[in-house]
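One structure is given here, and the rest of the page talks about it.
Labels A, B, C and D are assigned to the chains in the order they are written; within every chain, residues are numbered from 1.
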Amino acid sequence: MVRSRTVELEGHIIDSGMMQRCFGVVMDLDGEFEVEEFRVGKHKDEESYARMTVSADDEETVRSILHELHQNGAHVPNPSDVALKPAPEDQVVPHGFYSTTNHPTQVRYDGEWLPVENIEMDCAVVIDPDERRAATKVLNAIEEGDLVVTDESGVRVAPPERPRGGGGPFGFMQGGVSSERPSESLIREIGETIAETKENGGKVLAVVGPALIHSGAGDDLARLVREGYIDMLSAGNGFAVHDIERGRYGTSLGMDIETLEHPRKGHKHHIYTISEVIRAGGIAAAVEDGLIEDGVMYECVENDVPYVLAGSIRDDGPLPDTITDAVEAQNAVREQAHEADLVLMLSTLLHSVAVGNCLPSTTRVVCVDINPATVTQLLDRGSAQAIGMVTDVGTFVPTLAETVLERASSN
Amino acid sequence: MVRSRTVELEGHIIDSGMMQRCFGVVMDLDGEFEVEEFRVGKHKDEESYARMTVSADDEETVRSILHELHQNGAHVPNPSDVALKPAPEDQVVPHGFYSTTNHPTQVRYDGEWLPVENIEMDCAVVIDPDERRAATKVLNAIEEGDLVVTDESGVRVAPPERPRGGGGPFGFMQGGVSSERPSESLIREIGETIAETKENGGKVLAVVGPALIHSGAGDDLARLVREGYIDMLSAGNGFAVHDIERGRYGTSLGMDIETLEHPRKGHKHHIYTISEVIRAGGIAAAVEDGLIEDGVMYECVENDVPYVLAGSIRDDGPLPDTITDAVEAQNAVREQAHEADLVLMLSTLLHSVAVGNCLPSTTRVVCVDINPATVTQLLDRGSAQAIGMVTDVGTFVPTLAETVLERASSN
Amino acid sequence: MVRSRTVELEGHIIDSGMMQRCFGVVMDLDGEFEVEEFRVGKHKDEESYARMTVSADDEETVRSILHELHQNGAHVPNPSDVALKPAPEDQVVPHGFYSTTNHPTQVRYDGEWLPVENIEMDCAVVIDPDERRAATKVLNAIEEGDLVVTDESGVRVAPPERPRGGGGPFGFMQGGVSSERPSESLIREIGETIAETKENGGKVLAVVGPALIHSGAGDDLARLVREGYIDMLSAGNGFAVHDIERGRYGTSLGMDIETLEHPRKGHKHHIYTISEVIRAGGIAAAVEDGLIEDGVMYECVENDVPYVLAGSIRDDGPLPDTITDAVEAQNAVREQAHEADLVLMLSTLLHSVAVGNCLPSTTRVVCVDINPATVTQLLDRGSAQAIGMVTDVGTFVPTLAETVLERASSN
Amino acid sequence: MVRSRTVELEGHIIDSGMMQRCFGVVMDLDGEFEVEEFRVGKHKDEESYARMTVSADDEETVRSILHELHQNGAHVPNPSDVALKPAPEDQVVPHGFYSTTNHPTQVRYDGEWLPVENIEMDCAVVIDPDERRAATKVLNAIEEGDLVVTDESGVRVAPPERPRGGGGPFGFMQGGVSSERPSESLIREIGETIAETKENGGKVLAVVGPALIHSGAGDDLARLVREGYIDMLSAGNGFAVHDIERGRYGTSLGMDIETLEHPRKGHKHHIYTISEVIRAGGIAAAVEDGLIEDGVMYECVENDVPYVLAGSIRDDGPLPDTITDAVEAQNAVREQAHEADLVLMLSTLLHSVAVGNCLPSTTRVVCVDINPATVTQLLDRGSAQAIGMVTDVGTFVPTLAETVLERASSN
């Protein structure tokens, strides 16, 4: 049975972002809204007003929506007084206590709106009936018998509005998104997205850095390529050399990937690898000659997954496949970017920026790096739908591969 | 003379943030708007429509505003065809060329809307009149004679809308704020804000970490306290000990601040400092005894600037002034936070989080740290007006002090 | 059959660290050394000299050792001329080519020591027999027929010496340790270390931060506690609250750990959790009452694993178990630190520093954090045997638990 | 008058690094040493022994040296008992108290060596004469009358030795270098080094990233070029474009450097800048045409300072001066690197790595970046003399320029 409730918004509800957040809340929580009245402020100093009915399939959902709308400044018409319950013990809140935001707040007590003094987030609100005053209390200040506000009726929140006429150097902040999320669950959701993209005939572009190989995740990426989950690869000369070196010598930049031991002759492996591929005439020729027998590049060649290796001034060699001219390499990257429906940016700021520069805002992006600044920088580049994850690519890729391949085998 | 122009917005203009950004653009660029018509989509699948007149004092400003509105999806009614100019040379754009966003874009050519193929930001748009097609070209692909779109008339941009019905794990991104700003200019603006806060009778709370002393900025902070620009100080035991040690021995954690030489007996200075202040009975008593003769804590005592030193499990000593009980210390911090009008958070995540937890969203916050993750985390805590600056507190504070004090002497 | 070889070291071989590194090389590579002659420079301007015989069980090992000693400046007595081989093709090195360090280098050609010009690491050395000159060549500069130095005989490397009489502000660098290691393999080795510590009757102290719970690794840490691999726990109030909240509500700071959905009433869960534990009288009482049924704290109570929860000014509540006095809490941490044989510092800088301050240099330390600066700072605090790992604790702990528990079940 | 003292070292004094550190201490503190006896352990299980006389110009210096040697494990022959003083008050240490390291420590009391229990750094050592036991006490545990060890005589410290036969995954740590240094003082020292390099006829290579321009430090770098302190410049296309854009439009990537205002038409400036320079035929031609009138690139052209602009796949344009082929660009960078005597790496990881790859270990390097991971990575690349500084290049370069130019004018 559909349940519904009416809410009002008042003030500079558009430029403060309040209206946008309220619409977002309803949609995110699977509700519906019907705007009954909307008067927009015609000038920047004129306030706006909206009244809408919010509905959902069950009372629980409606309440969740109402709660969120309330925190964002919406309020119900014809408010009643606040409901009060005494604190059962010192430092214990009554069930259903109202937990504050850090925005200016009022509570309706005995027909009168009282400002909540010392507003601060995650506190309870306690009413002093004699003084007719309301104030926040942190948990450890609660005393038995304190009259604590419960539920949201009779409570009004007023999120700050964008300062009229410029705020000087101060930015107008609109509530950030917390970034801490459980790693394994999120990886599973990314796995779902890859699988769905493939099922819908979309193309997945993996943009990868050498840290992926150093951290031991090469085999798992190779499996994803072999099983058809990666349609294009974008990387640098270093990535390909480390991947091939690992296959030939079991080392990456000279360190044994399995035993962690440093054979101490290792740096030569890197140069030998390049030297041999040059002699063979390139990666595909080296695969054909049996020189390269596994790894990410091997799977790309065997499964006709096109790759772009873009050169840089930090390269050894480079391999014959590496496009050393920056303009030519950028054009090759551009072509990949335009074809992709989902882009996985895996621990490479450099190649990811190059790809990101060429992406329309409608392409989905997943960005994984251990450096939060890298993730922030890449998410800022303009995709409208993006996931950023600050994690270790050496554990991310194995978990991702497991998820995707398990899902496939269970279908 | 006031100039004006009419623009329209269509689509899910509220929940995509388009409307909010457009209002913000007009206000930021010192324009005025008058909403002439506004039809809000009543349901989540119904689009909205707005038409407004934008005006400003001069044609230049109106054009700047129009440009920004355009980039955010607004368009003029009754559009004309695009204006085209031939590229004067290979790799050279004609004056006034239209520079793309990364959003889906259309251009009106010969009465018909053509989609711009391969959309990508910061490109030119070139029309092929024979094929009646439009496509982006990067600068180095421009050929002499290419018909390049100039100005914005006849161009339509469609920023992505929030996906209806949840986007899975993907966040809906709405255009980040670039953070690279010239350091010295921004510091000057922060100095202005401090001075104005004081002139308006407001209170400035400095929340400071020990890195401020290690980096040699103690003298400059002490001057700001002495000259009356800091009304309250919030710190930990370590900050106070390093500050006093520097005054007594010229070292901070044993290293000579001036000569950079490590007297190699240094760590004892730290313990001696605490031991002596304990013997004197506290910081104020040690100032009175002549044991402490300069530094930040000295100036606080001499100028009656109240300070809270909150204890932690990492402290040596601690000093008698340090509040070792966490609940008591939090209450002292809370009181400071509630009184402050402007909070300077200077290279301390820990104390800044504690202060931030107690702040209403209406208090202005300046957050300075060398670690971008710290700045991001602090700005996310809920102030509506905030400045974040990733810089070295060892050069920030001297520059700030110079600015504030120069301004004072020139008034 | 034991094979051996004699090498010499000359110069300021002690203060440059050359001697130390050479001894280290032999031990790391399972060789033996016998010092035959050692003349130490009596004054700082007098050079030292060492001659030693290096031996190992097989020729392969001896050669690995010799290679490393050579790179660190050791050389064989009575050197022969370098061996030269022509490059087989352009950009291809002959087998066994000598790969340069970046230290000043000489090669013995036709009885004469030639300096290698333009020294640079990871290059080949090519001899011009007409000019009697030797120079580095990068791979892509190699031309067919170039006379390339192979093997190490006839090559002398001279690592820089510590400048006599102070280097000004410049630090004397002695060769860093590369930090990129395959994540999963290293976690397995850490698992081995935990298991061995337990088998030898040692005690494992886990120092943990709230990110461990947010990132979804709580269940796996709980298993490690239950199975007896963790003997003591050191954390803050926040860790315990998040862990208990997750058990009671399936959320951490209000976000659902499994579905990633934000119930939007979430922040109250945090306060409720504290409120209920306060009402029960503490964590152990709440476990007994059936209020807490799983999680890390539950397993600690059930398995008599002592925990220290140290308070801070950022705490909500706090829980009755939290020690709010900083001095008292530090003493409790100190006691744990003194008892531990292996300390796991898991994504908490604050508690790790507090523990690290109390550790003797002989206690082993494993430090895991996603922030490389945190890992560096903790490793600098003075343990003589330490592992630092920059990774995501949300994938680290599950992988570690799996390793340890698999090992146990296979024994 | 020269004062001297004899010390002994015993144990695995070479591979633990003890001997090296002791030699370093004497040299750093301007002392002299004379090794009187040195017996090296012939095998890895045989200990070594050294006895040396340490001397300096005054008693104060000798004592400083002795203190440091002592902390590193050296001890005096024929030790006396420890000196004890009673603590004058609770929580107050007597003058000259012995401050502990975190290494295993013994004290000689009444002719007998007692182990110090619960060793932990920065504590006092208290003797219980009845129990004949010694233990550490933190400051707040000191009670009036406690018998506290003073001075170092009668105290023995044993820094841990490298484990014989491999330490598993654990690295052997040998005491890190603290990195917190006062910013302004260190910049002055770097300024001195530049000036001295120039006075000695050396060459200074500046490797610079675009953040230098964004952060407003372009003018100051331009002055350093104009005044002859920079001999070569290594950068990318982006650096040059931002620098020229700033000169032409007062913006960098569209933002006004002085007013911080975003003209909102800004991104076109970037493309225009490139377009115009292409039209002129390159930077030098654009300077000659009067198109470029100031900035870093302008000063390079006017003062014949050679520059290398290396291309990348992230470039717009690029400028005609940019070397787009990676191999060719690397060779140009290599030439610069081989000529340099001092390299300043200023907020660019990418170009710094490319330059660092080509440097001999004897070239001095200064590396400045706001990201500590970048500084660490660059310092690890192999220069024997290096300064790393984690600071804001936007305040670093102005302070550096001021220092260098002031010094010049005062000479």
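Following the convention adopted for this analysis, a contact is a pair of C-beta atoms (placed from the backbone, for glycine too) under 8 Å apart; a residue touches a chain by one contact, two chains touch by 3 or more.
Composition by chain, UniProt nomenclature: A, B, C, D = Ornithine cyclodeaminase.
Because the structure is predicted, anything quoted here is derived from the model rather than measured.
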B-C against C-D, pair bridged by the larger set of C-beta contacts: C-D
Self-contact between copies subunit A and subunit B, residue sets same or different by half: same
Separation of subunit B from subunit D, taking each centre as the mean of its C-alpha atoms, in whole Å: 30
Inter-centroid spacing, subunit D versus subunit C (mean Cα positions, whole Å): 21
Centre-to-centre distance between subunit C and subunit B (centres being mean Cα positions), rounded to whole Å: 36
Where subunit C touches two or more other chains, by residue: 121-122, 138, 140, 169, 178, 186, 189, 260, 318, 327, 330, 357, 372-373
Residues of subunit C defined as touching subunit D within the complex: 14-17, 19-20, 23-24, 26-28, 30, 32-35, 38, 40-44, 50, 101-104, 118-122, 138, 140, 159-160, 162-178, 186, 189-190, 192-193, 327, 330, 334, 337-338, 357-362, 364, 372-373, 376, 379-380, 382-388
Sites on subunit B touched by subunit C in the complex: 169, 260, 310-315, 318, 322, 324-327, 329-330, 333, 350-351, 353-354, 357, 371, 373
Residues of subunit B defined as touching subunit D within the complex: 25, 29, 64, 67-68, 88-89, 91-93, 97, 99, 121-122, 124, 138-140, 178, 180-186, 189, 211, 214-217, 252-253, 255, 257-260, 263-265, 267-268, 270-272, 274-276, 278-279, 316-318, 370, 372, 390-392, 394-396, 398-399
